[in-house]
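The following blocks contain the structures, represented as structure tokens.
Below are two complexes that have chain A in common, paired first with chain B and then with chain C.
Up next is the complex of A and B:
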């Protein structure tokens, strides 16, 4: 058995050649980070620019007269007249209400979709019932249908249910499950050791107890991954809430930010307001990734090796 | 205590009027106009305490999507600002209330507006809206760039245009175009591949009507879009039309005096003008306050160039307020439309100086309000008043399909992939086939 000499304790390290390879790797990494951060930087910079200077200072990296007015008008802290005087479109967003709607919309869907998908996945992975494999094949086929063709039938259903303009109407098509989530979790559940469950079964546990007390706790990683990915996806979901929410009271953030688009056919978007709104809207996702970032990476790596 | 107060307030409101309180939904797309209409709504509620108006503003793109899905799903607003490009389709699908019987019943005068505006909203003896404002087109210029090039605003007052050499209009554009070496577009040394500043920019916005892009050129050649409102025959195959569009395309393709189609698409609309990299742009009167108050340089307004027929011609377009057939508050909706079209509300709108109201006296208020801000907007109004100075928006069925055909055809010409003389005949045949 050979041991690698630890360099830590060695008083005189042998001179190593300058680590060009490593330097190159770091440079490449820095470049990639810079390229990924740059758009966010531009969003932030534009949000700090006064409307008057937006086009003349498009290429500079920092506004000549930084201002917070865009954040103020997005948050509704200044009046319509003041917003227009500052060069904004004067469009008002009920930001807190939209934020509340977004949190409810995303929260309920993430909890519902993850939980129900896990139950379905468990059934497909462990329970025996007639037609199981046929139904699962149907599921896989459902994954191939592009979401866009479902919008019209979904819209008609929601309309006939009288749920237009309501949060339940916005949440309904997403809350139960997605084929992908079921497929993803089923593959994971299949890889779990059967013995634990059989032992629990012998101790008298029913399928739901086994699912709730054994399978779920053992699957924290993939479930967290799914939940976080769904959170990001739903937080940014635009088209469906846009179709359903006609009234400002039911707007989610991505829909509410639409008011900064072009006002008139020849006009230009209110870029500074839009960027300020976008920046604030992205903050919760940033926070989520900062708090749970390590977890996401771990679980992705974990599920990747399965 | 608070509860008690609200309760009493609610009770008095109920006892004061026979009907319960109504909330009207009203939509518009231009947030610049929202404060004015908010004021109108407040004044209206003062006169009609049982009706409150809730104004929703949506940007141009979403506005029409929102309305169409609203009609289908029954969530459309009671009253909304309507556009000439859209109302024929809405009318054909029976989404708009014919207000002629109401006008007759209440003896509402429809001759108080600029001539022609009210008629735009009629078809087959039915009427789908009352005029709220009008717009014409003119040249907006960057006064700083004009001065730097040694030009005076008066130099822009009497420009001429033709599709052969572009006239004094093209020469002025060339004088205001500079390459990176500082040569202007008239100099033989001018390098059209290295342009630092353009003399003019068109938003290209191809489309079927060309309101702010090309219609004011083509109209002065004697050309007409079609043979009047709801005509089923278009004239895009006319050589005068092809020559005018080719001239505009060549300003970029051959001369390099205006930004290319790709450049404008990439930066969006009039961004180069806003960035101080294009000296002039043609646009509608609804952009006055946007350009003159929100840019870091001084913006002036000049009349359109005169064309081959010796006159300058602008498209005359107007907006109106329409009532949705599905509205559950038809009476209140009609009251509100009537109020919006009245001098009382239009004076309020005029005083804000954002758009030109349809009633001439209210328009004078708008011009005065702009003058007080140091902006001379009389060019637009003079254009509307001039005899033969305007032609009407091409009102048509199937506007969306005509627009699709013409947009893609024009793109080919603007990109230099096709000659106008070759492609418009074919496009026109396709357009006319829509009405067979």
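Up next is the complex of A and C:
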């Protein structure tokens, strides 16, 4: 191997050089990255554009007079008159409240689902009880049922429980388990060495102590992976909250956006407001990626290697 | 599966436990109790209830009326059901090949050229956005009047395109929007699969004088099969259930051109309150998905791995 002076890039396989193909591949990759990111820039740019300028600046890549008014009006920080003067349609979906609902919805589900699924996974991996394998097989089969099959009867259940239009009604189907979470953690728990658990058992620790003090701390990686996958999935969930939430008070962000869009009158929609709302709804996901970058990428990659 | 399990009788506790332990089966059931409640109430019960509802006429207000197989009969005779199924298939055919091919190429490019976490992070940004956000973004970018894509196209011989507003273009547009969303994520999965292929195989091929193309077709692709099966099966299942993008962009229009199956089911359930008919169609969709999955697994010989 030739001596590379400073930073060595990723290791390359021994292959004959193919300079033309390589250049082409770099260009293609750069193009794909541009295509992946460019629309998000357009969202941001539009959100910063005053509604008066939207006709003249349709092709520009930077707003000539950047303004925060669109963010302020979708967050309900300015009066209705000011919002309408700035191009609002008079539609006033409260994104701040929707953000709060989304945080509660996602947060409770991530914590509940991860914890309860971990408990079940631990039992399926480590404890003996009659019917264990049969019940687990049922869980596996349930992974294959498409959403729409479950959503209609679940809607009826939630309606009968009087939980339509409430956060508990939105959270209920997800908070206790998903078959995938149980399956995923069980696989990991099976691979953990038993010795530590047995030592703790000899010291008089009960199953819950072992689970809480030994198994969970030893499983921080997979639990973080699962929590990240659940966060992304639930933050973005649309169909179920859309069925359950009928009043603005219970909208989550995706629902609020859809309603905000459908409230804008025919003709030219309130694009600057809509893009400000879109950007706000995406911010937490961007933050997740920025703060936990490698972890998020690895979690997603892992979701494919079950 | 037999695993060595400590039993009380074999163990002499280091110190006497303060209270008697519950038997293991009681503890086991306590551990799975929350998950079991969730499973029974929100998976098993609705699945069975769905089957039951599909044999009734029910508008949620009056009592359900048993009608036997009438809903299934109606679906088979309903031209809108077949049209919805056809539109869904059209969507799948537009979505899956392009998405899978592009992500495979992208994964190979990533594997050969860059391994940077930053690049991977940029590529999965679209996947992290909700379908609703993605739909909003493209509604705006493809807007006939002010959207940047149409402004650009205006300067080319192609001219402005209607995209979501045209019966011919709407389904391909929705499909390509979702290609944009899923491409980077699927590439990441393929990339992970590529990493799992032992480098020694490539070295041997290089020594034998195998060309780049030959190595790709004869080694990379066959060894990637388990990942390919996973990516294809999950994306086809997801693709058949397309709803969010349609609900935000076209609501089934123009002229029913994007009324995909799940949207039609949704309309029947929550627009016309025909719960029985809607669940019957959702059961048919379920059966179709199982069938497609089995066929795909069979075609791709999912259970065999060339690495063994």
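Details
In this text, the second predicted complex is superposed on the first by the 223 of 306 C-alpha atoms of A that agree within 3 Å, B and C clash if a C-alpha of one lies under 4 Å from a C-alpha of the other, contacts with A are read in each partner's own complex, and residues count from 1 in each chain.
Definition applied: a residue touches a chain if its C-beta (ideal position, glycine included) is under 8 Å from a C-beta of that chain, and two chains touch if they have at least 3 such contacts.
These figures come from a predicted structure and were not determined experimentally.
With both structures placed on the common chain, the touch criterion links A:165 to chain B but leaves chain C unconnected.
When both complexes are overlaid on chain A, the residue A:148 reaches chain C alone and has no touch with chain B.
Residue contacts after overlaying the shared chain place A:53 against chain B, while chain C stays out of touching range. Judged by the touch definition given at the top, the superposed model places A:288 against chain C, while chain B stays out of reach. When the two complexes are overlaid on their common chain A, residue A:261 makes contact with chain B and with chain C alike. Of the two partner chains placed around the shared chain by superposition, chain B and chain C are both touched by A:243. Taking chain A as the reference chain, the count of touched residues is higher for C when chain B and chain C are set side by side. In the superposed model, A:80 makes contact with chain B only, not with chain C.
Contacts of chain A with chain B, set against its contacts with chain C after fitting on chain A, overlap at residues 54-55, 58, 155, 159, 242-243, 258, 261, 268.
Chain contact summary for the complex, chain B toward chain A: residues 29-32, 34-35, 38, 56-62, 66, 69-70, 73-75, 203, 205, 212, 268-271, 274-276, 283-284, 286-287, 290, 293-296.
Chain A makes touch with chain B in their complex at residues 51-56, 58, 80-81, 84, 87, 89-91, 155, 159, 164-165, 242-243, 246-248, 258-269. Within the complex formed with chain C, the residues of chain A that make contact are 9-10, 12-16, 18, 21-22, 25-26, 28-29, 32-33, 35-37, 39-40, 42-43, 46, 54-55, 58-59, 116-117, 119-120, 122-124, 127-130, 132-133, 135, 138-139, 142, 144-150, 152-157, 159, 172-173, 175-177, 179, 182, 198, 201-204, 206-208, 211, 232, 235-239, 242-243, 253-255, 257-258, 261, 268, 271, 274-275, 278, 281-282, 285-286, 288-289, 293-294, 296-297, 300-302, 304-306. Residues of chain C that touch chain A in their complex: 1, 5-6, 11, 13-15, 17, 21, 24-25, 27-29, 31-32, 34-39, 41-47, 49-50, 53, 60, 102, 105-106, 109-110, 112-133, 136-141, 143, 145-148, 151-152, 180, 183-185, 188-189, 191-193, 196, 199, 202-203, 206, 212, 227, 230-231, 237, 240-241, 243-244, 247-248, 262, 265-266, 269-270, 275, 278-279, 282-283, 285-286, 289-290, 293.
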